[in-house]
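Input: structures, listed below.
Shared between the two complexes below is chain A, which has chain B as its partner in the first and chain C in the second.
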Partner chain A sequence: MIGMDEFVRRLPVYLLLDCSGSMMGERIEAVKQGIRSLITELKGDPQALETAYISVITFSSTAKQEAGLTELMLFKEPELKASGATMFGRALDVLMDCINTEVRKSTETQKGDWRPLVFVLTDGAPSDVNDFKRAAEQLKTMKIANIIACAAGADADTTYLKMMTENVLMMNSLSAGDLAQFFAWVSGSIKMTSKSLDTKPGEALELPPPPQGFQIVP
Partner chain B sequence: MSKIAEAILMDGSKLPYVITDNPPRGGMKYTYFAPDKSYVIQFFNDPEIGMIPEIQDRISAIIGKYNPTLSEENGGARGNSQTLADYFSQRYCWPVAMVKYPEFGIVCPAYPSNYFFDSNSSIVEGLDLSGKDKKSNWFTSRNRKYLNKSELGNFMMMLKLSICLARAIRRMHSAGLAHSDLSNNNVLIDPKSGSCVVIDIDSLVVPGLYPPEVAGTRGYIAPEVLETMEYPRSDPRRCLPCIETDLHSMAVLIYEYLLLRHPLNGPKHIPNITPEEEDFLLMGPKAVFIEDPNDQSNRPQNLNITVHDLGPHLEQLFMQAFVDGLHSPKRRPQAMDWERGLIKTWDMLYPCENPNCREKWFVLHDIEHPVCPFCGKRVNSEIVKIKFKKELRGKSGQWMPSGELIAYNNYPLFSWHIYSNVFADEKADRDLCAYVVKHQGNWLLVNQKIKGMRSPSGNLVPPGQAVLLKNGTVFRLSDESNGQLAEIQIKG
Partner chain C sequence: MEDRPDLVKNSAEVCEKEIIPEDINISPVDQDACDTVVLTRNDADLIKDNDGNEVVPVDATMNAELSSNDDISENPEPVESSDENTEVAEDAQNEENYLNENNGESEKVETTAEQPCEIPSAAEESENSADTEEFVESEKNAEQNPEDSEESKTESVTEYTASLWKYTAVADDVPDPSPEYYTRSDIYDGGKVIGARVRGKKHKHEGTCCDDWFETASLGDITFIAVADGAGSKKLSRIGSQESCRAAVGFLKDHFEKNIVNDTKIMSGIALDMNSHDFMSACKILAEAVRGAVNEAYLAVRSAFYCRASNEKFIGYMGRSLDIRDFSATLLISVVIPLGNEKNEKLVVSCQIGDGMIALIDTSAEFSASVKRMGDSDSGEFSGETEFLTTEKMRAPESIALKTRISRGNSDILMMMTDGVSDDYFPVEIQMHRLYFDLAANGILPPRKVSNENSADEWQDKLPEPSVYPWVNDKSVMVAANYTNKICRETGLTFENIWNAPEILEAAAAKLGVFSEENAAERLKVWLDNYVERGSFDDRTLVIAII
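So, the complex of A and B:
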């Protein structure tokens, strides 16, 4: 009836996924399945369907944006393959570039998008430690996104994750079941954020309690 | 993977439920279903909250002495009859019991199946909605375009479910209860049948008991609640959810149902702050109604259909809610005012003559310019208006206007049209009293069961007989006490 589309703020959601060699096989398949369920789950929520836009950034020996920020109905699942090193620092640079170009900023004449939500999943430590430290520091000080980082499995190093965000989770295994739970929790967090942005601006991000077997890293 | 578990209720009885991996989760609670889906069991995200005695006391009061879905006989609200309990059971998903094991929880009935989508509800590939709740904003946002037309109902159905909502909230408020989180998520609507159900009843504000934790949902929180969030809960300046804040949330929902847009979401923009801060200001201290006649700063350019097109009753109520009362909670219309205004507007509904009109019905509030605002079609048929008058108390023979309706062929009249002391609420008798019909070119009002209907010349018109309606005809609908006078206007 009335074109109100221009007043809808988008909620940009970036998934930063570790696709290094250690993720090969069952793990990467579980990640793909997780993305599929995440999209299906979000499409079933009217608020998320209207506001959430999704992008996938992967990192292995390189880092790249597999899928640009896309509305849920048009989102195409990226082809994910696991191999190589863990260029995590590069991935943070790609993330900052993407946020810079894709997220609409508030200007004199235009309303801006919501602050992006970034979910990071890694099972190791960065191969490019110096780049990582610089980029993590930059991300943390610029406060351009709400970042939730999840360390998966025994080899994941949470000290690096703590450099980029206060919100760090740890899951003990990388089983298909745990990964499914992780993505379900991501969907819950997105729905919650798109629903009840009701705390005063600047207050800590409200997230649902993590699934069983996940610990919040203090 | 799912498995069956058993909950033990406070009275010791046991109820099975299905534990699923990723249960639906709200801000406060998560939900498991019964094996046959006839009820749900909800636990708190934070189990500690469920352990607070004050919270258990509140929920116990909600389930018992404040429960309008149980008759007084069965432990429900005082004065509640079984008929009323049955009516309100359809309006709310009211908690029925408390769980003590494995932890504190609540049992609620499942909502009826018409509040779930089915596999035909979505018309786009890749969007399977079967089994999803019909949250309001599926219908009032751009998501409409994904839905099968048969799900969307029409303007009449949206008005009908708005009446249902106003009535449900009026019933709560009249008992002193406030819902505290009315929103697109907590009112499920079925535009197909024109009905709604209010859910998430356990966070009600109950007089004298510990208040709930929630502030509300974005877009529905009253401006004063946002504005005073910086103060501690005990600070007298802090505005917490209450009946007055419900009245804001409900007005937002009704506006969305009838006009398919949010009343505060316009082009107004405050640069140089974050979107989060901006949104806080635009929904809180700096909120402006998009149709505010005195402040155009938030008015969209292409506002083709406005509250004026909803007729005088709703126009006045929306102005009161979003202009006078937006930042002055005490000036907001009560739920009872909404219920009355919506019902008066219902009596002005007219079927659009354009067979392709999206909304099928509109409010014919100006018979000099009878045009459907949704499609622009002008009415060609004769329009019959009945103006009601009621006798001033203690002043026999003195009459004052008490309402009007726009009739069309086979238009039904009910007891609240005939008698000035009957209100069309859940208690009113819904038997047909009379109807307007066009017969061989003449408009007739046929008496179905009214005692004491009088023709314009004063003769008794018994059931089965009719009064001929002409422009200017005046007659008594009933000469019994509180019987109204009808004055006919025919245009066209």
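So, the complex of A and C:
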């Protein structure tokens, strides 16, 4: 019976997380805690529970999908470790591959998924600048997802993020408190998106106001 | 499956005529103004399915001239002269062959639905408390049988979320609130029409209004129906859906009375040979009438917007100035005209703007030829990316023309629904039967009549017990959710088997203790309000015309 009648329209959510060396220690622990809080928070929301599917993609010296699109109830927190460079461009390629293979498109016979939501968190600049520029350009023109990028800390370069999306946030510190706020905001954004799933394409994504100390990069 | 396999391009005549709006009202179409008969390329796509019915998406472009106070841009069509009548017939023939091939394919698709597989009964499952740990546990068990996992996962999630969904009444200070329910049952000369609209779980959870609406009307034996779904992300879309339904149905009734029903050329034309010029001309006029209704609906929405634009209450409610897009809604329109001929045919003209579904069911037909879709949801690559009446490009004459379809045949049930229902019965070609079965099992529609005399009694013991849920408002009313799926899963019956043995549905209805078609609209409301599908929490509206 699989695929006949129980097809659910999913809201695919990709978390693209910078796990380069600079994230080592307290920061990566705060990220892990953030993911846990995010999942717990979303599990209290029936709409998110029925629709949101989460995937985690990390990038450091390589980029890989740590957890495939999984529904909230079954989501297991991936083991995250921080080390190495910031292969951001490669991560975008992984993201595009994942979206192409995992996200169902609407066809005559298939109920498509909702447009994916991508949250990017980075504290630096890409090590693979050329790859990044190509992939960012591709992402922006393909419009295959609603992307929200967050630059964390003084070293994060928002000009790169602007290449991949119009929605760029900046948080000034990488303190555990700020990271926690970031994930709380992501959770609010997912809830809000799962509530306005029939927003028309091209219309501005409605997101909750960013937390205190975060700026929207114009 | 092929993209719209039932379509083949074809030439046909088009009347060139003018619509001259007076003030903001579109004046009635006068078919005598049809002084120039031209042929345009691809103007009408004539479709004939294998039971001889025709579905004609009509291009009603007709080079309409619109006055400046209507913001629909004028889009002249390329005009060619042609006399390709013989080609028309040939194309229709090719079309028939093509369709036959395609039916074979859709039957192949059907068979995949037949694999029986067992799932724990609802009673067993409901013993699982709404606890995440147990959910994960049951999921592990389910993994042992991959056939089961998707299904039980889905059911356990909805059981878990059932306790999280809240019921919140709409706040008192909401401007122009829409009623909690809207249910209608009308016995018209052309048939019985029942319709119900319920507030979706999402709106109940958030205490917001239901955004759907529908209206029905009749004139003699002609029936008019409009259904609209206000955009969930637009806070005033409930007003848009109500205004557009009322205006569309009101316009059609008025327009038919003044300009169509007394015109023998049209009324006899629609009963003529479907390749004839007079038939096509009559269809063009009817398609044009439907387009007039779409325009009228838009103007009504626009007026509703202007009326509120400077109203402090609305500005306060929105927290900003109003935009017409705050009133965004889809619009589905159908007109049913019985031809009164010995074949008891009906002509159905439909127009669908945005998502949702219009489908015709012929209960006298073979399974594979019994469902006809009367519109395209026309959504984007991803779900929910639909278009609305307030979208300017949707109202362009050529756009409306592409969304207009005409069918003549013996279909006896017309169903129109918003995506809150059609999404749960997708894809329509396969799932519309299931919708019909679910309705019959719940005593909302009669099972189809067939000549075999098999008794429903023998099925009583063979059918699984339905998973029933008490209605929130009245616990004594039990509603069977997803019964058709359960029957198919546990007995191995296919949709086609059930179609051919409607006594199964009689037995199913008997198990639920619902025989009577009395209060069908009320039962429809209760059913819509209660059936559970994962990820389905939108407003639900379903209008059924037994024609």
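Points worth noting:
Throughout what follows, the second predicted complex is superposed on the first by the 207 of 218 C-alpha atoms of A that agree within 3 Å, B and C clash if a C-alpha of one lies under 4 Å from a C-alpha of the other, contacts with A are read in each partner's own complex, and residues count from 1 in each chain.
Keep this in mind: a residue touches a chain if its C-beta (ideal position, glycine included) is under 8 Å from a C-beta of that chain, and two chains touch if they have at least 3 such contacts.
None of these values were measured; they are calculated from a predicted model.
By the touch criterion defined above, A:G112 reaches both chain B and chain C. In the superposition on chain A, contact of A:D157 is made with neither chain B nor chain C.
When both complexes are overlaid on chain A, the residue A:A180 reaches chain B alone and has no touch with chain C. In the overlay built on the shared chain, the residue A:E71 is in contact with chain C alone; chain B does not reach it. Contacts of A:M192 after superposition: chain B is touched, whereas chain C is not reached.
In the superposition on chain A, contact of A:R9 is made with both chain B and chain C.
Touch criterion met: A:K43 reaches chain B and chain C at once.
Residues 1-9, 43-47, 49-50, 73, 106, 108-115, 195-201, 206 of chain A touch chain B in one complex and chain C in the other.
Across the complex, chain A is touched by residues 21-22, 25, 27, 45-46, 124, 126-129, 132, 135, 137-138, 141-143, 146, 184-185, 215-218, 221, 226, 229-230, 259-262, 265-267, 269, 271-280, 300, 302-305, 374 of chain B.
Chain A meets chain B in the complex at residues 1-9, 40, 43-47, 49-50, 73, 106-115, 180-181, 184-185, 188, 192, 195-202, 206, 208-209, 211. The touching residues of chain C, counted against chain A in their complex, run 1-4, 109, 112-113, 115, 117, 132, 135-136, 139, 146-147, 149-151, 153-154, 156-158, 160-161, 164-165, 201-202, 205-206, 231-233, 379-388, 423, 426-427, 429-431, 434, 485, 489, 534-535, 537. Contact residues of chain A toward chain C in the complex are 1-10, 43-47, 49-51, 71, 73-74, 103, 105-106, 108-115, 195-201, 206.
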